[in-house]
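Questions regarding the structure given below will be posed in turn.
Chain naming follows the written order as A, B, C and D, and within any one chain the residues start at number 1.
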Amino acid sequence: MKVGFIGLGNMGLPMARNLLRAGHSVTVHNRTPGRAEQLAGDGAAVAGSASEAARGAEVVVTMLADDQVLRSVMFDQGALEAMAPGAIHLGMSTIGAPFSRGLAEAHAAAGQGYVAGPVFGRPDAAAAARLWVVAAGAAQYVETCRPLMEAMGRAVSVVSADPWVANVVKVTGNLMIACTIEALGEAFALQRKWGVEPRAFLDVINAALFQSPLYASYGALIADQKYEPAGFRLRLALKDTRLAMEAADAVSVPLPLASLLRDHFLAAVANGRGDMDWAVLALLAAENAGLGKTSP
Amino acid sequence: MKVGFIGLGNMGLPMARNLLRAGHSVTVHNRTPGRAEQLAGDGAAVAGSASEAARGAEVVVTMLADDQVLRSVMFDQGALEAMAPGAIHLGMSTIGAPFSRGLAEAHAAAGQGYVAGPVFGRPDAAAAARLWVVAAGAAQYVETCRPLMEAMGRAVSVVSADPWVANVVKVTGNLMIACTIEALGEAFALQRKWGVEPRAFLDVINAALFQSPLYASYGALIADQKYEPAGFRLRLALKDTRLAMEAADAVSVPLPLASLLRDHFLAAVANGRGDMDWAVLALLAAENAGLGKTSP
Amino acid sequence: MKVGFIGLGNMGLPMARNLLRAGHSVTVHNRTPGRAEQLAGDGAAVAGSASEAARGAEVVVTMLADDQVLRSVMFDQGALEAMAPGAIHLGMSTIGAPFSRGLAEAHAAAGQGYVAGPVFGRPDAAAAARLWVVAAGAAQYVETCRPLMEAMGRAVSVVSADPWVANVVKVTGNLMIACTIEALGEAFALQRKWGVEPRAFLDVINAALFQSPLYASYGALIADQKYEPAGFRLRLALKDTRLAMEAADAVSVPLPLASLLRDHFLAAVANGRGDMDWAVLALLAAENAGLGKTSP
Amino acid sequence: MKVGFIGLGNMGLPMARNLLRAGHSVTVHNRTPGRAEQLAGDGAAVAGSASEAARGAEVVVTMLADDQVLRSVMFDQGALEAMAPGAIHLGMSTIGAPFSRGLAEAHAAAGQGYVAGPVFGRPDAAAAARLWVVAAGAAQYVETCRPLMEAMGRAVSVVSADPWVANVVKVTGNLMIACTIEALGEAFALQRKWGVEPRAFLDVINAALFQSPLYASYGALIADQKYEPAGFRLRLALKDTRLAMEAADAVSVPLPLASLLRDHFLAAVANGRGDMDWAVLALLAAENAGLGKTSP
């Protein structure tokens, strides 16, 4: 398939490489120069602008930082206008539902297709083509994009015919992980004050109750107080929490847990922890219990 | 082993039966008459009082409703005094850490052993001898009790030499499940408002992220809005949350999630839902989003 | 002074009338026709568009619903462009600090002045020229606008040379009132459950502690459960809470009280109470305690 | 009147002195020796035990630290038993409603009267006989105690015929002050980050909105970051918050604000601030915004 790929960050670069490996013809673009060139050896064509990457593509994949950057690329830099009628935009960035809905309308007005396909997974999962893609959009567009999504991930879950719904699912999923981190952080602080090793506690509750690899991995991170380097930067988790609250506000849904998490994320950013792993949320719980980074 | 067993409720009765099946000699007592007699056919001796059940036992197992009932049994009804020096009290009720610590001191003063062994699991797990026992106490006492705990459960996790620590672990574990329920409730309310089926959402996030049977089972309960009959009554979950907050207060640990949950549990009790399953927490989240018990 | 006045809602109309009464020459405009004409008898000139009202004015006063409407008026409808160099925009709407900062920059670039002057007070205070104006901006611009602000209010507090700071102060003030409402609501629910009349409780704590007319008036409203007609619609209070949280997010300040209030406001909107007085927050507190609107 | 007075702390001592000044015959007792002797010069008789102070008194006034100390005095040390039938216990300590109800029952069973009369006011108000007494109890007992209460305070508010209701009112009042402190703390943190002086902000919102001396005095304390010496120790504020939550739990009332405050108080205690003024709550709000004790 003829693919344009815009956004070659820590996620986008390995994702584009997997498309190339799957045999697709990919024209790549990245705002910061140098990234695109890394894919030239894999057979990518390098475009000098976003609109050039979009022009002539059957599917334009975007993997960008946030609403603002994607808006700039699609509208200000003309990628949407450059797309042919009938072409499909596969938006894989984690963006807000309202903006995603606006995109859907703009593409429809231009006679183009739009599929939202945000992903669960970190750069290592992207490199291993192990992402989990949450897809939504009209069936024919989703089916056209399916081989691409499958080339980048281990599974594709189609959740709705309305593209923006995939974005709601994605940010809600991240919110639920943040709840788990907060719960582990509070629980560990309590255990430490009563003399229980966080690891021992974690082993018991995960064996007896959750049986979840996610609890095991985040629990280990927090027990070891290993917040750097970041697997997922707290600053981005705050962004996703904002998106979840924005989606909730739009349909009048109170989210007390998100509210609590947002405040804790803000406190972390205010205290210079925005670039640490979001698991550092647990450090605030410990500090509020009078515990420093090292054990009592 | 010669065992006294006090407290034959929905949990205690099947637990005592499993001890009998494992070949132990068990004298049982229950405040409400009629329960003990159900075990006579299994070979239990029936005691007319708590102190009679305790007298002469190597190990006295208690499985009672709360601190108050256990205090009454051990002190007011004389079970502690009836226990021989060197005998061990295996306390399996979900009680508060401060009271458990007091019990430890009282038994030590009487030259008796004390092991706290609260369990994770519901009546069906108790019947199937599939409980998960969280044990704490001096090593020699724990080892003496181990065959009993193994006869009642699928695993025994020893978390500390201080008995009361097991009680902290137990109530913290329940708190973490409550967090999961609340997180699912809020997430589902948001999905419903955006047109996503809770079941579909649950499938995605559990496959992609948590991979936890506990998320699957509570998620299904909430998606189906099946809050009666209760697997675990909300009223008891509120009790356990109080115990967790009491334990946290005793060592000055703020628990914002527990605070939030406590308020939601209280609202549920105030509105006549105290005897529903604690998953009904999710109904409050739905109602606060303007959603009734049936879908929008 | 030659004044353009844009926005003749429940607040703007009496404010413009007070400018006319003070002898200023006022050209008025309102999006919905009919409102401006009500001021013709007071001597106002009626402009057919926002830019027409702005053209030739020494000071352009705006009193509009929110950021979006003000952005539309100043930019899309050309009011900013129509203003002369050296003219001053006195923005009295309750808007967000980030947008207010953007306005300051746009006016500076156009060689124009900008004073933010949001007000405390309801329509009856506007009619009686009893508003409290929170002003911020460069001193010479503030002084030029002072006679206008004094004609509309009982006091002018100048809080900063940076205009947008006045907007922060305004939304924070509203947030603090909302806290008071929530505190009264929770306190009254507790009193009612213990058999204390809210009025009696209010009298004691206001006489003994707060001595505040604001506590007295909101307390009376809540004690009487008189939530309609709205003095200040909950929907607008939610808007102001969002603005406060946006201002806080911009500088990384957690606001746990605002988070809690936002969720309660959202629950109220979701349950059809968006157009009631914001004091209806207290009804949610009562309902969560199992108390209906009438119950003891 | 013949009065026994038990508890001569920072509050009790000046209160007892005011009774002596009003001409009453007062026998005083304090656990720690030395305090009672300070009143000998004012004409007090000094009792060697609580029960001795209670014996023969028409009214026994208690002003003690908490439920535990009062329970010990009345029951373990025999003060209740020493009181004559028909004598009245005027309990002025800040205690929990459930325990106060228990006291009411015990006195009734002994043919004695019981009036709860907790006070608003600090030691300086006690010294100046400017306390505000919140009284509850059977009318005839309250009227008998009225001259005593009036000798110690500037006003007496009778809120119920059920004594314990006065205790609910008292702790709720303190909770509302704590809300004010928290609201001021969060608001100030936001202002500081936007460059507004807390004092300037305070002046505006108190002039325009609250007009409350309590907002003025706590606001000044927080603006000056003057948390020592404590006017009211945070540790005691936490105690009162617990009492409010206990009262709320007893009748199933969620109190989200109290929950939030409790967690903040616990964080303060955990970080060594339990003996500072409760206004130090505002320091946590500042720190969570990345602001230290001194301005940014």
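Couple of notes before you dig in:
To be clear about the criterion, a contact is a pair of C-beta atoms (placed from the backbone, for glycine too) under 8 Å apart; a residue touches a chain by one contact, two chains touch by 3 or more.
This structure is a prediction, so every number in the text was calculated from the model and none was measured.
Of all chains in the assembly, those touching chain B and also chain D are A, C.
Where chain C touches chain D, the two copies mostly use the same residue numbers: shared numbers make up over half of all numbers in play. When you average the Cα atoms of each chain and compare centres, the chain farthest from chain C turns out to be B. Centre-to-centre spacing of chain A and chain C amounts to 38 Å, using the average Cα coordinate of each chain. Mean C-alpha positions place chain A and chain B at a centre distance of 38 Å.
One simple way to say how far apart two chains are is to compare their mean CA positions; for chain B and chain C this gives 52 Å.
Within chain A, contacts with two or more other chains are made by residues 248, 252-256, 260, 263, 266-267, 270, 288-290.
Chain contact topology: the protein chains form a complete graph, every chain touching every other one. Those residues of chain B lying in contact with chain C across their complex are 263, 266-267, 270-272, 287-290. Chain contact summary for the complex, chain C toward chain A: residues 242, 248-249, 252-256, 259-260, 262-264, 266-267, 269-270.
Interface residues of chain D facing chain C in the complex, by the touch rule stated above, are 97, 120, 132, 134, 155, 157, 159-160, 162, 164-165, 168-169, 172-173, 175-177, 179-180, 182-184, 186-187, 189-191, 193-196, 200-201, 203-205, 207-215, 244, 247-248, 251-258, 260, 285, 288-290.
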